[in-house]
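Heads up, the next two complexes both have subunit A, just with different partners, subunit B and then subunit C.
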Partner chain A sequence: MTVPAPAGLEPSRRGAISAFFAPKRRTRLTLLLGPPMVWLVVVYLGAIAALLVSAFWSVDSFTENIVHQFSTANLHTVVTEPIYRTVAVRTIAVAVAVTAIDAVIAFPMAFYMSVVASPRMRRLLVVAVLTPLWASYLVKAYAWRTLFAPNGPLSWTTGGHTPGYGLTATVVTLAYMWLPYMVIPVYAGFERLPRSLFEASADLGGTPWRTVRSVVVPLVFPAIAAGSIFTFSLTLGDYIAVGIVGGKTQLIANVISDQVTLNQPLAAAVSLVPLTAIVLYLAAMRRTGALENV
Partner chain B sequence: MFLSARTRFVLRLLMIVGLAFLYVPLGIVVLNAFNKSRTFAFPPTGYTLRWWRAAADNSGAIDGLQNSVKAGLGATAIALVLGTMAAFAVQRYRFFGRSTVSFLVILPIALPGIVTGIALQNAFHSVLAVDLSLWTIIIGHATFCVVIVFNNVQARLRRTGSSLEEASADLGATGWQTFRMVTFPGLRGALVAGGLLAFGLSFDEIVVTNFTAPADVQTLPIWIFGNLFRPNQAPIVNVVAAVLIVLAIVPVWIAQRITDDAATSRF
Partner chain C sequence: MKRTLHSLRTPAALLAAGVLLAACASSGGGGDVSKRKVPDVPMAKSIGPGEGSLNIIVWAGYAEKAWVRPFEQQTGCTVNVKVGNTSDQMVSLMKSGQYDGVSASGDATLRLIYGGDVAPVNTKLIPNYATISSFLKNGDWNSVNGQMYGIPHGWGANLLMWDPRTVKGSLDSWSAVFDKAGTYDGKVTAYDSPIYIADAALYLMKTQPNLGIKDPYSLTSKQLDAAVALLKAQNKHVGEYWADYTKEVQAFESGTSVVGTTWQVIANTINSGAKTKVKTVLPKEGATGWSDTWMISAQAKHPNCMYKWMNYIVSPKANAQVAEYFGEAPAQTKACDQTSDPKFCDTYHALDAQYAAQIHYWTTPQQQCVDGSGNNCTNYSDWVTKWQEVKG
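Showing the complex of A and B:
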């Protein structure tokens, strides 16, 4: 607890008081911080570090044992093999498409929740949007497998004109699963928007459409960027939903998961692709001010 | 209000469409759990409870349920302890590297699940040379559940401030008395909500679990995934999926009643 020194005390006694508390506070902080930090640094960061190191090892093609000898061969394979480039480009294209679809769906929803809905309704809608986020990830992918099935609901409503399992189904399913991650930051962005700006724009003769275009969209953009961090990162790491609705479609995470039992060091090297992509994306988003909006 | 009646109508319509997009697929899964047809042709020709009885007798699904509950309880217990400690440190102390702590707590949920999964598998397998077991599942789940408890407790601590604790100290309470009689009762809601949500997150996790589970310990999501592509298991998969939807949503609604920050604690 930060106990502010009583204002009436002269500086020397104040110093004495904090000196008395300091060692004890230090100890308490160390005790509080120690276990969670040991867990996260040793268990988590340690594991990530070991993974990165293992990317430089190789597998003996004869004994199938891991050879602990430094080599950049795996990285070289990942950069030069066309298959990895194709899959990486496809994955990023899917991530961009999913992000764009979610932004388009989320914008009017967040707009309605924040500006049109009554305060009571607003709270209900926030919970309604967030609840599916907690419903089983696997079940959500499965739900779309059911929807896209040859004799399923989509086929029934469209008279058999569904894309079936494949790239389109993958994009739709991922957009569905990550939508709440986009709605909530955008909603928070709308909540920070001063209402007086709407009136100012209207007073200056702006039509509603003009106000949305010239005032709302630019100001909400950092919030959309914040939401895109989730949609982007989650797409780069997904392989299960892709496997369920994607047919033969492969994204980068599928390649990693297929490779991990055969050639762990190569899988580690491939996992550098989504890792690097996310770090670069975060760095880019940082410049838009999106990180303060998460 | 600068919006015309027509614009507001269009926005309301888009809101309804958005909510329908979120809920219709889940509704279809629940509906299919009662679908009489074995091939789940749509629209259903009739409804039955037969699959529910079959699911209740399915030992794989029941085992999966038990393992999921065990893993969820273990991970939640660890996350409650570690998350609360980290939240206290960050909210009640000023120290060098404070923002790094928050960053570190969020990292396991921010990085792609597959990276966390293969990193832990590699650590268990090659670095520590331990066999995968229920415990390795729990360790993996606890790592990304910490953030949920952390966010809930931190939000509560930020809102209440430390004036009540100072008052308690001024009135002569010892540190332990203050914790037991002032701090803890104030936190109870946040802890219950955080615990429920951490359990919910662990309960349906599959990406990390896939890499930290041994072949003979299946959680419910792993069981579903293993049976997803077998047409003759489809009726039971539908029932289990419906159960998972309900089991995941109920804790969120309860947690939301306890504290307003609950549902947003993944952010």
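Showing the complex of A and C:
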């Protein structure tokens, strides 16, 4: 007796493929993880490794051609020249200020969006927070340049009491740029917060302020820490906004971008400063549980 | 996600291994500036048909539609223009090997020649070379041992620019941006490049003769420190530095800057707009300046188009157009018959070799003093470090 052939070849072929791979767990895993691992190791880590390696080279002082000779002179320069320390400290201070401002603005905003607002309002606010991300970075930076101009809107609304271009303008602009990256994680943090906790706190006699301080802040803190990873690291790497609204201010990324055309190995050595700062920051944030919130 | 940091350990170890490997694999290099040899780069023997396109790095205003279009129509070479903001950026872009040529100033030319980034130019293949001002030929910034490494394009001085709405009276001294910069506190601007140190050195050369500065590009470390001190004092009154010329245009139009160093093309751009009118002057202390040379990359992918361009851009008509647009003296003597303003060449002293000799052209500072006064001068990398120190 003959069994009629199954309609179409597909199922049997698929079966054959499954049958081929079923006993070969390793092959399966390799095919699955291979491409992303290659991307991660070769493209991403490879580029960083090349950068680190070049920090130990030097350039010919006249032709600027790279001399492939091992030396720690660049690292020595970065550590001993006071200018790099000044700029590094200034950059980290700016990053901390931007992060603090964003946290202070994002916390009540996310609280309102998540707890107080109606579902319709909530959707509107989420859209409002995310919309600026659609606009080009440069457009936003130049918009702030216009605002801070000596004869600009900020100047005539305040009667000339504007900080002008400089460190303050840089902090304000960067805080504006990175605000959505703080609001969204904090908003998500509030969404995970059981509402019954507010009632429990109130039932136990907690004032609203006490509830915020002892219940809300500790539970939302990892979300703030998660947001701060974005605001902190994005600020450390920024050199465009400071070039547009920073006046004569230079941050560590400006030093790197200035040096990269002249002395790429020294630029690589300087870039170890923000890299180290980020690694330390990530390590500190890991303790808060922020990395589960990203 | 908690494993994120743990999983970083393996890559970190790999990185460390990479660093060690690189350390082992590295080989010797470097050398003494005074005993340098020019790398052997072959020179073109003839020009073939155009390759259909051309990638060049130019100073702002050197490749505008008005004269690029006719070139494209004549030769079939489509011109792709990349504007360089500073000589440092131009050198760096040329090293990428992706460009056919560059309009290099004197502080870039030697770096490119000795770096092996540009090829010698066969001037026999450039008919318009014959009538170029003779004082621009075989200069120590564009040739080595009598071999030209480019075609002279034009020259001029860095000027002092001010906005008469804020700055009253007429300026005639660089003191406006140095000793008297406090008058315009927060609205002074300066060129954001280490080469700007020479402007301070030139001012000191004229105002503090006891420092013994003979040439603004040949500074001992003591003289460099004096120039840096002057620039640090200036920094207190600087609102913004400019490297990108559009930034200075915008800064003057918006009133952010009211006085500072400039190129004539920037003043022309501002004055052609409606926002404000600025004035420029060549101050009494003299000025730093540029003498630009078209150079062909050693790795040019479109060498024929580049040779055609080098001949075209110093042709009387095109050279006159560029010179008038940018506001500089044309290198081509016959360009003076082609300018729309018949007195243009007189205004810019285009044919006046003595006047030209008074400008302190950008050149790369070296340990072997460029004015030949000894070998105790500060080199460009010293200047770079100091310039970052000035900006703080």
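Just so it is clear, the second predicted complex is superposed on the first by the 252 of 294 C-alpha atoms of A that agree within 3 Å, B and C clash if a C-alpha of one lies under 4 Å from a C-alpha of the other, contacts with A are read in each partner's own complex, and residues count from 1 in each chain.
Convention: a contact is a pair of C-beta atoms (placed from the backbone, for glycine too) under 8 Å apart; a residue touches a chain by one contact, two chains touch by 3 or more.
None of the values given here were measured: they were computed from a predicted structure.
Peer 1: Once the structures are superposed on A, label A:I83 by its partner contacts, choosing first (subunit B), second (subunit C), both or neither.
Peer 2: Only subunit C; A:I83 stays clear of subunit B.
Peer 1: Touch test for A:V98: subunit B only (first), subunit C only (second), both, or neither?
Peer 2: In the superposition, A:V98 touches no partner, neither subunit B nor subunit C.
Peer 1: With both complexes overlaid on chain A, does A:A202 touch subunit B (first), subunit C (second), both or neither?
Peer 2: first
Peer 1: State whether A:Y112 touches subunit B only (first), subunit C only (second), both chains, or neither.
Peer 2: After superposing on A, A:Y112 lies in contact with subunit B but is clear of subunit C.
Peer 1: Looking only at subunit A, is it subunit B or subunit C that touches more of its residues?
Peer 2: Between subunit B and subunit C, the winner on subunit A residue contacts is B.
Peer 1: Between subunit B and subunit C, whom does A:A223 touch in the aligned arrangement: first, second, both, or neither?
Peer 2: Touch partners of A:A223: none, neither subunit B nor subunit C.
Peer 1: Figure out whether A:A135 sits in contact with subunit B (first) or subunit C (second), or with both, or with neither.
Peer 2: So A:A135 only meets subunit B here.
Peer 1: In the overlaid three-chain picture, which partner chain does A:A169 touch, first (subunit B) or second (subunit C), both, or neither?
Peer 2: Touch partners of A:A169: none, neither subunit B nor subunit C.
Peer 1: By the touch definition at the top of the document, which applies to A:V273: first (subunit B), second (subunit C), both, or neither?
Peer 2: neither
Peer 1: For A:F56, select first, second, both or neither according to whether it touches subunit B, subunit C, the two together, or no partner.
Peer 2: second
Peer 1: Quick check on my understanding: which residues of subunit A belong to both its subunit B contact set and its subunit C contact set?
Peer 2: After superposing on chain A, subunit A residues 41, 45, 48, 149, 151-152, 260, 294 contact both subunit B and subunit C.
Peer 1: Which residues of subunit A touch subunit C in their complex?
Peer 2: Touch list, subunit A to subunit C: 41, 45, 48-49, 52-53, 56-65, 67-70, 81, 83, 86-87, 149-152, 164-165, 247-248, 250, 255, 258-263, 282-283, 286, 291-292, 294.
Peer 1: Give the list of subunit B residues in touch with subunit A in this complex.
Peer 2: Listed in rising order, the residues are 1-4, 7-8, 10-12, 14-15, 18-19, 21-23, 25-26, 28-29, 32, 39-43, 78, 81-83, 85-86, 88-89, 92-95, 101, 104-105, 107-108, 110-116, 118-123, 126-127, 139, 142-143, 146, 162, 165-166, 169, 197, 200-201, 203-207, 210-211, 221, 224-225, 228, 237, 241, 244-245, 248-249, 251-253, 256, 260, 263-264, 266-267.
Peer 1: Name, in rising order, each residue of subunit C that touches subunit A in their complex.
Peer 2: Listed in rising order, the residues are 1-2, 4-5, 11, 14-15, 18-19, 22-23, 25-31, 33, 36, 86, 88-89, 91-92, 95, 110-112, 114-117, 186-187, 235, 238-241, 254-256, 364, 366-367, 379-381, 384-385, 388-389, 391-392.
Peer 1: For the complex, give me every residue of subunit A touching subunit B.
Peer 2: 1-3, 25, 29, 32-33, 35-37, 39-41, 43-48, 50-51, 54, 66, 105-106, 108-109, 111-113, 115-117, 123, 125-140, 142-147, 149, 151-153, 155-156, 176, 179-180, 183-185, 198-199, 201-202, 208, 211, 233-234, 236-240, 244, 253, 256-257, 260, 264, 267-268, 271, 274-275, 278, 294
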